[in-house]
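The two complexes that follow have chain A in common; it is paired with chain B in the first and with chain C in the second.
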Partner chain A sequence: MRSHPIFSPWLSLAPALTIVLVLLGASLLYAVAESVGYISVIGQSKFSLDAYRNTLDLNSEFWASLEFSLWISIVSTLISSAIALLLAVWLSERRGNTDTLALNWNLAFPHLVWSVALLLFLSQSGLFSRWAASLGLISTPAEFPVLVRDRFGIGIILSYIGKEIPFLTITILSVLRSQSVGYDVVAENLGASRWQRLRYVTIPQVMPALLAGSLLIFGFIFSSYEVPALLGVGYPRALPVLALRFFLDPDLRARSEGMVISLIITLIVMIVAVVSLKMKDEG
Partner chain B sequence: MKRIVFLLVVFTLLLAACAPSVATSQPAATNPLVATDAPTVVAGAFDINNWDSVLAAAKGQTVNWYIWGGSDSINAFVDNFYGKTLKERYGITLNRVPIADTADAVNQVLSEKQAGKDPGAVDMIWINGENFFTLKQASLLYPDWAQKIPNSALVNWDNPAINLDFGHAVDNLESPWSSAQFQFVYDSARIKADELPHSYADLKTWACANPGRFTYIAPGPGGFLGTRFVKGALYEISGGAEQWQNFDQATWDQWSPALWKYLNELEPCLWRKGETYAKDEAELKNLFANNEVDFSITNDITGAGTGIAAGLLPATSRAFVFDTNMIGDFNYVAIPLNAPNKAAALVLANLLLDPEFQAAQILPENGFGLGYAIDVTRVTDSAALSALQSASTKLGDSATPASDLANSLVGDSAAEYQNLIEQGWAENVLQK
Partner chain C sequence: MKRIITPLFRFTLYLVLIAPLLLFAAYAFSTRWFFPQPFPAEWTTTTFQRAIHDSRTLSSMAQGLWIALLVSVLSLILALPAARVLGLRKFRGRQLAWLLLFLPTIIPPLAIGMGLNILFLQIGLAGTIAGVILAHIIPTLPYTIFTLSSAFARFDENYEFQALALGASPWHIFFKVTLRMMTPSLVVATLFAFLISWSQYLLTLLIGGGQIITLPILLFSAASGGNPSIIAMLSLLFVAPPVLVVAFTARQLNQHGEEIREQY
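Up next is the complex of A and B:
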């Protein structure tokens, strides 16, 4: 029955796939058209690569934004993965549902809510700063360390790792808990230390899930807008923030550059997706 | 293969997760349209030169007014004053559609045009210069009406501050609602009135004597008050506002280095040493209210009054201006070309200019807080005239005295400078 063409996965996916392809495909077409100068609302239809030239110019803000976006995405992904791995290993040795409940609870918050909460807690006139002031630790808001809206994206990274650690932990935990404890016990009986068991038994087991999860997170962070918009500084701005700034420019001709940046974001995320598929196939 | 399928499933789910927000935001905008567009298009014909036909066509319509919804007090003012009156006097329902940024309404109209949707969902937009320019550039505004509504006779259309919006000709495409002027806000409990700076030069001295206690709004889209702060500095450095009323690249090249020099000298004395700036008026107001900085910026004729009434600013907040170079302007309403209920929108635009409502809009307790769009001397009805005159004397301590406003008032610069200033600031100040 499985081999019958009617039940091929492509066919069962067709309805959803059609929607994705039409919506995504149409938007991509629009983006490409606008990026090369075809902006129908103002009747502009002259092919030009100016937007690409302006965006990729060495003095353009694009490069600073690209660097900043890569910085927050890579750092957030690495920290989240490392902590999630340790947390999952630790949790997998305990049995029970209360811990996963705590993790799931966090997943219910949208990134937006989480970021606003961080802002209210951590800004220089936020709740923590006020507590510090009432305890006499600081005398003016300016003495509180700059943790959000900072040059290095600390607030953005904090926001992402706060959200992504639970997500990755649950992913890894589900792998760990579905495996029998046999391997671990065998290794222990053969005299493997705790570290050796982690290194040679546990990590190889969770690696595919961890890698796929990390790349998913990287792609998400790299292309998401609301957290850097809320917790970022005026310069450098994350790529999606920069793209929207061009898109909303009062001068409609500036949209071309916004589209160029959006296409570059899409391209990078697609490369990451392809790489992650390849790694999984080889792994 | 299996993995590709898995990835596609994930993408699909992600897309599905995005869908509800799209689905829920749409009905609010389109439902009134469905209810009213059929009679509008067929029976709602009117002649703009015959006001009675406009009133007749407007009766029973719903006017979808896309308006910045970030201020509860303004929202309440709109509902309580215009909403009620439209219903009672003209049989029109006001559907106030709150938006986070006027650019959202502009994008709605642009997307409708791209999708070929006519009639659209937007009947009227509260608009400022940049967004007006966007829609004008795309020829998406209902033309040839602003000077034809009855109350436009009360507007001084010869005033360049009215017939130009951020330097772009208004061309009968939008009608003024109110006026505003750039001012600073301080807290009289923190700073004495005689310590206030009176010029940009003074301000730099003050800021560097009180490091970290001043900042301004980053110029750029959404930060037009920041652009205006920088323009004021440009006026002072170059010796006045006059030469900036017409665009001349040579003048800009001559003075802009001195402007960046001033702002870069100011920068180390600013909040967070100028590493970042407040991105809009609301953020600066928060910094001020939280005692992170000592000055805020406002455009309200009521000064700090509206903020105090809303509980956002300390009751001891006061507004003040420098001796000169404080830019004032008007704001407008416009009707999109594909508006489904144009007659009702025209009635509303006319109501906004009604002396009774002009007098109401400047009183701080009513929550709007912007000034008159009409020329008070053109009002002939004596009761309306005295209402207008007495309202302007009731602004209280938290507003800048009218004489100070008038003495410091200058016009905005030619539109071409807007982008030069915003881009130039980003390159020469923010990114340095």
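Up next is the complex of A and C:
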């Protein structure tokens, strides 16, 4: 069916746009309303900025959580980017797309399942602990280092790294494969060493895509709930975990604070996303 | 030296990729696997038998499948007209339309879910299948539109004109020409809408409010302190559809994988 020229394209866009805008708009509206004290569930409707004041109070748990969230997001992003870059360069020198197919395999494991796998691998009674014990390295489960549900979020970081490396590798690889091999060969003919070619030819080529991809990952990790909820400790909690805990608190006044935290997360992620989109356009 | 390193490296890569499945299988199909035994000594299908006869597990799978099925069909219906004009037409405001349709990929599910939780409580959609489906459409729709619009960008409308000139009715053209030509992309878009919905935890939790139990919800609560065999079994059941889909669509994934990867 050809859409007639007098039909506006907006008519075709209307169903999808309506669903997205109505649901998103209403949900943000309710979030903001609840954050400033309009809590419909208990019929409270008085404007107040108490929730913001309590959340941003210097003694509140918010700051510890912000620090922890930034820590896991930044470290996971940096490590994933570095390894993905090396892996992509290594793979781009090899022909065939079997490896790309293999990297796609990671799609079969959602973050939740991947975290569960880490739990079974790395916990103190997990598989690696058993192996260490049968090799005589440790004698009781307690001697195995705490790698999941640990104070520094090692388990969380490992979980994200495992998922994000394949994602970034494929992003970089598709840039490398779309470029003609020309530049690399020219540089080689001009006498550039392997390291020089990487430093001055390959890395500048993939930088825009790598940066945009890294920011995307940062935003994703900073705002996602399942992994830190499953692999984290009671204190410090990641921001999304803290937000949801407050939101589901039996004390309904805590809900406002949950909303405030969730709005702050959203604001940070949106800023990062805008920067990421700008980079993609310039790249 | 290089001849050894490359295969070794590749072997490690592939091992890491297959390891979770082996691990789940080892835990799910063994019994009395005590510390410090390095490998399971006794194999059993008891956990499996129990899982496939457990009404909670079964109903969570059925509910998850049902929701994901409806979500993917609805996303497809909503996405088709939008993707068509985005892929084929140039018009004022096209960029704006893109941006608006992509907002759900930027705004965290946490914020969306918490806001919708209040809204749906007021209009009676909280704790209902309809509410959960509506919530799931938010993350699936952008990806469906993206996949389909890039297919429409390569679509040649002249085939439709030809059918029209030969006297075919609009419905006939739509089903026999348009949909036929779009089949590969439609399949990929449907499958990934299905997978995004199937693996959704947070939105189901916030909207379902304990009334709608899907596998991710069961798995999450089991993993927060349960028996490893049961955790592993639930994980296997949970990844079975994604593993099958990824295995069968490996080739198409190379073209379309990037778009959905972020969310999933």
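By our rule, the second predicted complex is superposed on the first by the 259 of 283 C-alpha atoms of A that agree within 3 Å, B and C clash if a C-alpha of one lies under 4 Å from a C-alpha of the other, contacts with A are read in each partner's own complex, and residues count from 1 in each chain.
The rule is simple: contacts are C-beta pairs under 8 Å (C-beta built on N, C-alpha and C of every residue); 3 or more make two chains touch, one makes a residue touch a chain.
Keep in mind the model is a prediction, meaning the values are calculated, not measured.
Asker: Sticking to the clash and touch definitions up top, decide whether chain B and chain C on chain A clash or fit.
Answerer: Partners clash after overlay.
Asker: For A:L216 in the superposed arrangement: first (chain B), second (chain C), both or neither?
Answerer: Both chain B and chain C are touched by A:L216.
Asker: Please indicate which partner A:R151 is in contact with in the superposed arrangement: first for chain B, second for chain C, both, or neither.
Answerer: first
Asker: Classify the contacts of A:V186 with the two partner chains as first (chain B alone), second (chain C alone), both, or neither.
Answerer: neither
Asker: Looking at A:L252, would you say it contacts chain B, chain C, both, or neither? Reply first, second, both or neither.
Answerer: Touch partner of A:L252: chain B, not chain C.
Asker: Who contacts more of chain A, chain B or chain C?
Answerer: Ranking chain B and chain C by residues of chain A touched puts C first.
Asker: What is the contact status of A:P9 with respect to chain B (first) and chain C (second): first, second, both, or neither?
Answerer: both
Asker: May I ask you to decide whether A:G234 touches chain B, chain C, both, or neither, giving the answer as first, second, both or neither?
Answerer: A:G234: touches chain B, not chain C.
Asker: For A:E61, using the defined touch cut-off, is the partner it touches chain B, chain C, both, or neither? Pick first, second, both or neither.
Answerer: A:E61 sits against chain B, while chain C stays out of touch.
Asker: Just checking: does A:I42 make contact with chain B only, chain C only, both, or neither of them? Give me first, second, both or neither.
Answerer: first
Asker: By the touch definition at the top of the document, which applies to A:F167: first (chain B), second (chain C), both, or neither?
Answerer: After superposing on A, A:F167 lies in contact with chain C but is clear of chain B.
Asker: Out of 2-10, 128-136, 182-190 or 236-244, where does chain C collide with chain B after the chain A superposition?
Answerer: 128-136
Asker: Starting from the residues of chain A touching chain B, keep only those that also touch chain C in the other complex, and list them.
Answerer: The answer is residues 9-10, 13, 16-17, 19-20, 23-24, 40-41, 125, 141, 216, 273 of chain A.
Asker: Which residues, counting only chain A, touch chain C once they are in their complex?
Answerer: 1-3, 8-10, 12-13, 15-17, 19-21, 23-24, 26-31, 34, 40-41, 90, 94, 97, 99-110, 112-117, 119-121, 125, 127, 129-131, 133-134, 141, 162, 167, 170-171, 174, 216, 219-220, 223-226, 229-230, 240, 243-244, 247, 258-259, 262-263, 265-266, 269-270, 273
Asker: Help me check something: in the complex, which residues belonging to chain A touch chain B?
Answerer: 9-10, 13, 16-17, 19-20, 23-24, 40-42, 61, 64, 124-125, 140-142, 146, 149-151, 216, 233-235, 245, 248-252, 273, 277, 280-281
Asker: Name, in rising order, each residue of chain C that touches chain A in their complex.
Answerer: 6, 9-10, 13-14, 16-20, 23-24, 26-27, 35-38, 77-79, 81-82, 84-86, 89, 91, 93-94, 97, 100-101, 103-104, 106-119, 121-122, 134-135, 137-138, 141-142, 145, 157, 160-161, 164, 170, 173-174, 178, 199, 201-202, 216, 219-220, 223-224, 228, 231-232, 235, 238-239, 242-243, 245-247, 250, 253-254, 257-258, 260-262, 264
Asker: Once bound in the complex, which stretches of chain B touch chain A?
Answerer: 2-5, 7-12, 15-16, 101, 103, 107, 110, 113-114, 130-131, 133-134, 137-138, 140, 212, 218, 220-221, 271-272, 275-277, 279, 286-287, 290-292, 419, 426, 430-431
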